[in-house]
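Listed after this line are the structures, all set down as structure tokens.
What follows is subunit A paired twice: with subunit B in the first complex and subunit C in the second.
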Partner chain A sequence: MLHYASKKVLRAVLTIWIAVTITFFLLRLLPADPTLLVVEGDMTPEMQQALREQYGLDKPLFVQYLLYLGELLTGNLGVSFRQLVPVADVLLARLPWTLLLAGSAFVLTILIGIPLGVYAAVGRGKVVDKLVQFLGITSNALFVPSVAILLLVVFAANLKLFPIGGAIDPDTRGLAAYASLLQHLALPLFSLVLVQVGPYALTLRTNMLEVLGEDYIKSARSRGYTPRRTTWLHALRNAFIPALTLMGLQLGTLVGGAVLTETIFAYPGVGRLIYESVQQLDYPMLQGAFVMLALTVVLANLATDLIAMFLNPRIRT
Partner chain B sequence: MSTTLPAPTNLDALTRRRRRGGGYFASPSGWLSVSVLVVFALTAIFGPMIVDKPSGLGADILQPPSAQHWFGTDDLGQDVFAQVVWGTRVSLIVGAAASVIAIVIGTALGLIGAYVRRLDPIVTTLTDVMLSLPLLPLMILVTALAGPSVLTLTVVIGVLSWAEVARLIRSNALVVSSMPYIDGARVLGAGPVRILSTEILPAVMPLVVVSVLLQAARAVISEAGLSFLGMGDPSTWSWGRILLNAQRSGVIATAWWQTLFPSLAILVLVLAATIAGIRYNDSRDPRLRGI
Partner chain C sequence: MKRYRGTGIVAGIAAAALLLSGCGLNEDQGEQPDAEAGASTLRIGTTTDVANFNPLGSLSKTDSWILNAMYPQLLRIDGNAEKVPELAEGYTLEDDGATVIYTLRDDFEWTDGEPVTASDVKFTAEAIMEKQLGNVAAKLTWVESIEAPDDTTVVFHLSQPYAPFAEGVGFWMRVVPEHIFAEAGDLSAFANDQADGWVGAGAYVLDSMTRGQRYVLKANENYPYAPEGGAAVGTVEYVVYPDVNTMILALRNGDIDLMGTPVPASAAASLQSEADITMEEVGSLGFAHLTYNMQNPTLAELPVRQALSMVVDTKSIISTILQGDGQEMVGPISPIFGEFDNPDLDAYPFDPAAARELLEDAGYTDADGDGMLDGLSFEVLCDQSNANLTRVAEVVREDAAKAGIDLTVACIERNTFLSRTKDGQYEIDLSQWGVFDNPMDQLRSTYLSSNPGGINYNLVEDPELDALINDAAATVDRAEFVEKIQGIDEYVHDQALLTPLYVETFRFAYRSDRFEGFDPSPSDLLGMVTGYSLSQVRPL
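Showing the complex of A and B:
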């Protein structure tokens, strides 16, 4: 078990290192001189030189790389071009909103996906199965902004059931604040869940079909357990593990979806920040956002892998 | 998608079944998805020749759909139908070309990983790393640095989305490469390049075809996402850019036609490509072919 866990941790560290290295070389190799990206017209040669020294651009590439890694380890992601504040500060202020949105989408997808997948597998070939398969294929073809706009037009603009954007009403206190939080979360959350739940239910269905044909299910049935108990306890437990691992791998897509849905609903997370930074061509901000999201996704992925490990008796012992 | 290798037993029954039909076009999902793809391709090729490129300012601002403007007009008075038609070309080009790039890289890496034992750990690790990174933020960063253009979008999407293909091809090529006829080829003196290209690749080719369709569908969605975030080529139309214009001019809640029609185009195209891929897979699977 320790061997398995350490392998996963090592892979997470490797992934983060690769992500960081990619961003470093992207920024150094693509444009001829990063200082040219900063300036907007009038900047004296002295200022440019000062900027080069500040970024360490007068040193050899390898030294620059080590300096960059050192800066990252101390949490320094650079300074925003436009807002002239540390990128890390801005990102950390925005990150909780994205975590709330993506995290609840993750949980809700699993909660809705499990019954869909299980019922489809149990009723293989019946109407419920056909419906789940249809939902799976359609949901996989959905474009997050389209879904978000549809929900916004119907439920926020016309029916006025939910607010049109933002994350919370600043005038609310106590319980009302939580209610306002949930109200603002609902539409961006559902746009994400609608896109995620189909493929998840399909995977769970496939896993369930496989597991339901196993000998230990027959043996559980022959020992007198009810079909419901064998399905939901014995079979689901084993079908759930690979489905959880898949959700872990889908986290990157989930975060990508969050970027898009936050943009539509003006949700103040990292995604909306990326959209704003694109409009202003704020490269350090975009770079920092990628590094921070990659870190988040890799850590969350590691967490799902470790949870899957605890659920799986074959690795646990 | 599981492997689709036909079971080698009972070959007579297999050929008889094939003769009885049950091929690709036997089911409505087969010909329907292909006809939709053909319509999109024709629109992409001939549409821009018939419909004028939307530009400048029009007199009718934010008009709902009418006989004159089928899909309505946007806040500059430009025809949304013309934008969707012109956007079809970019979406299809980026989708197809990016898919080909992803397939070439993914298939090559997947085959190498499956056959060359020493390189397998590197391939699997790289694939896992690519799969677990948040690709959209990475694509945004690269496109922003390289300068938005159709070419940039294509290369960025293609080069960053091979991981799924590599994983799929590797797991299937692993099954193939442990089959006796591969050993036979090796005994006869075939080198790794020859075995990979003439023995293993043809065996996984059906899966490559399916992947082309599925990857193209994903690439269309990626392109729309990047264009929607403002990373598209500012001089060309794309479905994502129409949505971005609606978002920027703040008419999302009012001008439903400006967002509905490009959204439908994305949905229908992606659905058609996905279903065509699934149908191709099913029509080759002897277990699923109707007798």
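Showing the complex of A and C:
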């Protein structure tokens, strides 16, 4: 068991190292130069050289890489090219917003997606199934920015039910602050859930259909268990295993995919930070953000694996 | 039910996230602001956060807007693109222009109560020179020494006379408080965020911020140019909307009162019909252009460049692509610079047939009979993020084909574009200059063969042009100086080093049902949001 766990942890560390390395070299392979973005118009060659030195870009690529890895091991993500402050500080300020948005989208997607998938599978071929399939395909085809703008125009601009952009009204205190937080969260959350829930429900429906045809379900029914109990307890339990894996992967998509949502809804999370940092070619900031995202996904998967280990005796032995 | 624990953990993470951002919501915002009677708040939309608070090295537009309002400059640019007094009452030249003397007002004061003095100006310029900070470092190239003989006099000694020195430094340099910055250590990174708040002396000074959302500035009571009794707008709030469409919705909804960024041409018509919104038209200090790489042997031939200039239909480009929001220009000097723009120049006519004739006279033929003249294939490099220019590229490509010139359009991602232009990897550069505050700096940066600022995108090395520019740069007499600039305007036009496309007119939208009295300056860098402009605004 310890052997299994340590193997998993080692693999997680390896994955993060690969992610860090790819990010590092990918950014430096871009045919662009961050120093050019610092001064608009006149920039003397001396100034450019000074900036290269300040950014550490004057050293050979491999030396830069080793230095970066060394700093990373001591927990130092470096200093932002553009903001001139430690990357970790900026990320930590932005992370809660992304966790809030992506985390609640994640939970809501599951809470809505599971019943939809189950009902569709049980009522196969009926209206409810057709509706779920329709929703699944439509939601999969939706383009987040279009949905986001549409929601803003209808619910914020025309109906004035929600604010346009931002995460919270900084002038509110106490309970009003929480209300403001939820109000600002509603539309970006809804657009994220809308595009995620369809594919999720469809996957679960397929799994359920497969499981519902298994012998043990038939035997459970023949033993006199109610259809409801068979479906929700016996079938869902097994249909849920592949869906669990999907969830782990989805977390990464959600956090990373928040880029567009956060940009349109002016939500101050990591996604928007990445969007801005790409435009500014802020290497340390981008590296830090990607390391953090990789870490989130890897940890989530590691957690899933370890939980599965405790739940599944076959892995344990 | 064991397997459902996965969901429980996820829900736990989400709950923790909720708590993380939830516990003590807005506690770092300090006291809840009271609805202050009398002082009104103006909210401005911007697309980016403040990246960097360092007034000596900062660059993004939002940075500039906020820092320009906080730190006084010696001169400012008024609505006619003329330099007018700000911190300096004026300046005089001595030693045939090799000595520049600014006289400062004595009533500017830092928000911590210290007066703004000549020694702050001297300190700022010396710090910039020592560390080569920002684009101001290039403006100070000629400075040998600086003196501050008394509190209101600053003397710059130059190695040689440079005509627009006083204007360039006066406009670009943000003066910082010596008593704070001298103690700060590394000035290239210092943000001036004191424990007890920011210290500035401009019209508005930063008071608080919520990163990613908003930046709040308070009016400086001691700003000498505010109307009698102080600025009517007591608080300026910058609100961040990364997506311009979201920002437009926010303006319509009344969540903001002014869009700091210009309205895109595509959205202008719909905003026009809104009764509560007015769009103010503001000129620009830059212009869009096609610039030819003179290191390319074919483009180095004059008839080829002239022919290219004759396939660009600027009139229809302005009326269709800019929807009329632009002005034509003939030579390299923008009409916004008034007297410097040579009135005797005639634009190259739009005439693809004549262009083809010109090329055939120069010896170009169509041997393979494909309709295109042989050896006349060029790539037009442009910045994809400028929607207008990508459309211009297509129009020009089609018209050039009529003259037998084969253009390929390469509109690429902005950062790659900048990198390729810097390295001279292009044949024709289609781009837009941002801000030139005076024509002399522009000509010097864009045409000197020594390429001092790295933006001689023609890569032209012409001793005659060099001589003309250096001669004009040392000319102190105003009339003579104007005449020499006009002469260079004509020379560059005759050489067809560039084909100017247009001077864009920016439209800034604001809630005219709430505010009036903006005093805009040209360019999207200054626009409606200079400290001076904001201090003149009145609520309705």
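The rule is short, and it goes like this: the second predicted complex is superposed on the first by the 253 of 317 C-alpha atoms of A that agree within 3 Å, B and C clash if a C-alpha of one lies under 4 Å from a C-alpha of the other, contacts with A are read in each partner's own complex, and residues count from 1 in each chain.
The rule is simple: contacts are C-beta pairs under 8 Å (C-beta built on N, C-alpha and C of every residue); 3 or more make two chains touch, one makes a residue touch a chain.
This structure is a prediction, so every number in the text was calculated from the model and none was measured.
Trainee: Looking only at contacts as defined up top, I'd like to know whether subunit B or subunit C touches more of subunit A.
Mentor: After superposing on chain A, more of subunit A is contacted by C.
Trainee: Looking at the overlay, what does A:L27 touch: subunit B (first), subunit C (second), both, or neither?
Mentor: first
Trainee: Looking at the overlay, does A:R221 come into contact with subunit B only (first), subunit C only (second), both, or neither?
Mentor: Neither partner.
Trainee: Of the partners subunit B and subunit C, which touch A:A156 in the superposed model: first, second, both, neither?
Mentor: Touch status of A:A156: both partners.
Trainee: Considering only the touch criterion stated at the top, classify A:I264 as touching first (subunit B), second (subunit C), both, or neither.
Mentor: Both partners.
Trainee: Which of the two partners, first being subunit B and second being subunit C, lies in contact with A:A289: first, second, both, or neither?
Mentor: A:A289 sits against subunit B, while subunit C stays out of touch.
Trainee: With both complexes superposed on chain A, which partner does A:I164 reach: first (subunit B), second (subunit C), both or neither?
Mentor: both
Trainee: With both complexes overlaid on chain A, does A:Y275 touch subunit B (first), subunit C (second), both or neither?
Mentor: Both partners, subunit B and subunit C.
Trainee: Would you sort A:K8 into first (subunit B), second (subunit C), both or neither based on which partner it touches?
Mentor: Neither partner.
Trainee: Considering each complex separately, which residues of subunit A are in contact with subunit B in the first and with subunit C in the second?
Mentor: In subunit A, residues 30-31, 149, 152-153, 156-157, 164, 251, 263-264, 275, 279, 281 are touched by subunit B and also by subunit C.
Trainee: What part of subunit B is in contact with subunit A in the complex they form?
Mentor: 125, 128-129, 131-138, 140-142, 144-146, 217, 221, 224-225, 228-231, 240, 243, 246-247, 252-254, 256, 259, 263, 266-267, 270-271, 274-275, 278
Trainee: With touch defined as at the start, can you tell me which subunit A residues reach subunit C in the complex?
Mentor: Of all residues in subunit A, those touching subunit C are 30-33, 36-48, 50, 54, 82-84, 90, 93-94, 96-97, 99-100, 103-104, 106-107, 110, 149, 152-153, 156-157, 160, 163-168, 170-174, 177-178, 181, 233, 237, 240-241, 244, 247, 251, 262-269, 272-273, 275-276, 279-281, 303-304, 307, 311.
Trainee: Give every residue of subunit A touching subunit B within the complex, in rising order.
Mentor: 11, 14-15, 18-19, 22-23, 26-27, 30-31, 137-138, 140-146, 149-150, 152-153, 156-157, 164, 248-249, 251-253, 255-256, 259-260, 263-264, 274-275, 278-279, 281, 283, 286-287, 289-290, 293-294, 297-298, 301
Trainee: Under the touch definition given earlier, write down the residues of subunit C that touch subunit A in their complex.
Mentor: 1-7, 9-11, 13-14, 16-18, 20-22, 25-26, 29, 32-33, 48-49, 51-52, 54, 57, 59-60, 132, 134-135, 137-139, 188-189, 191, 210-214, 239-243, 245-246, 249-250, 252-253, 255, 413-416, 418-420, 422, 433-436, 441, 445, 452-455
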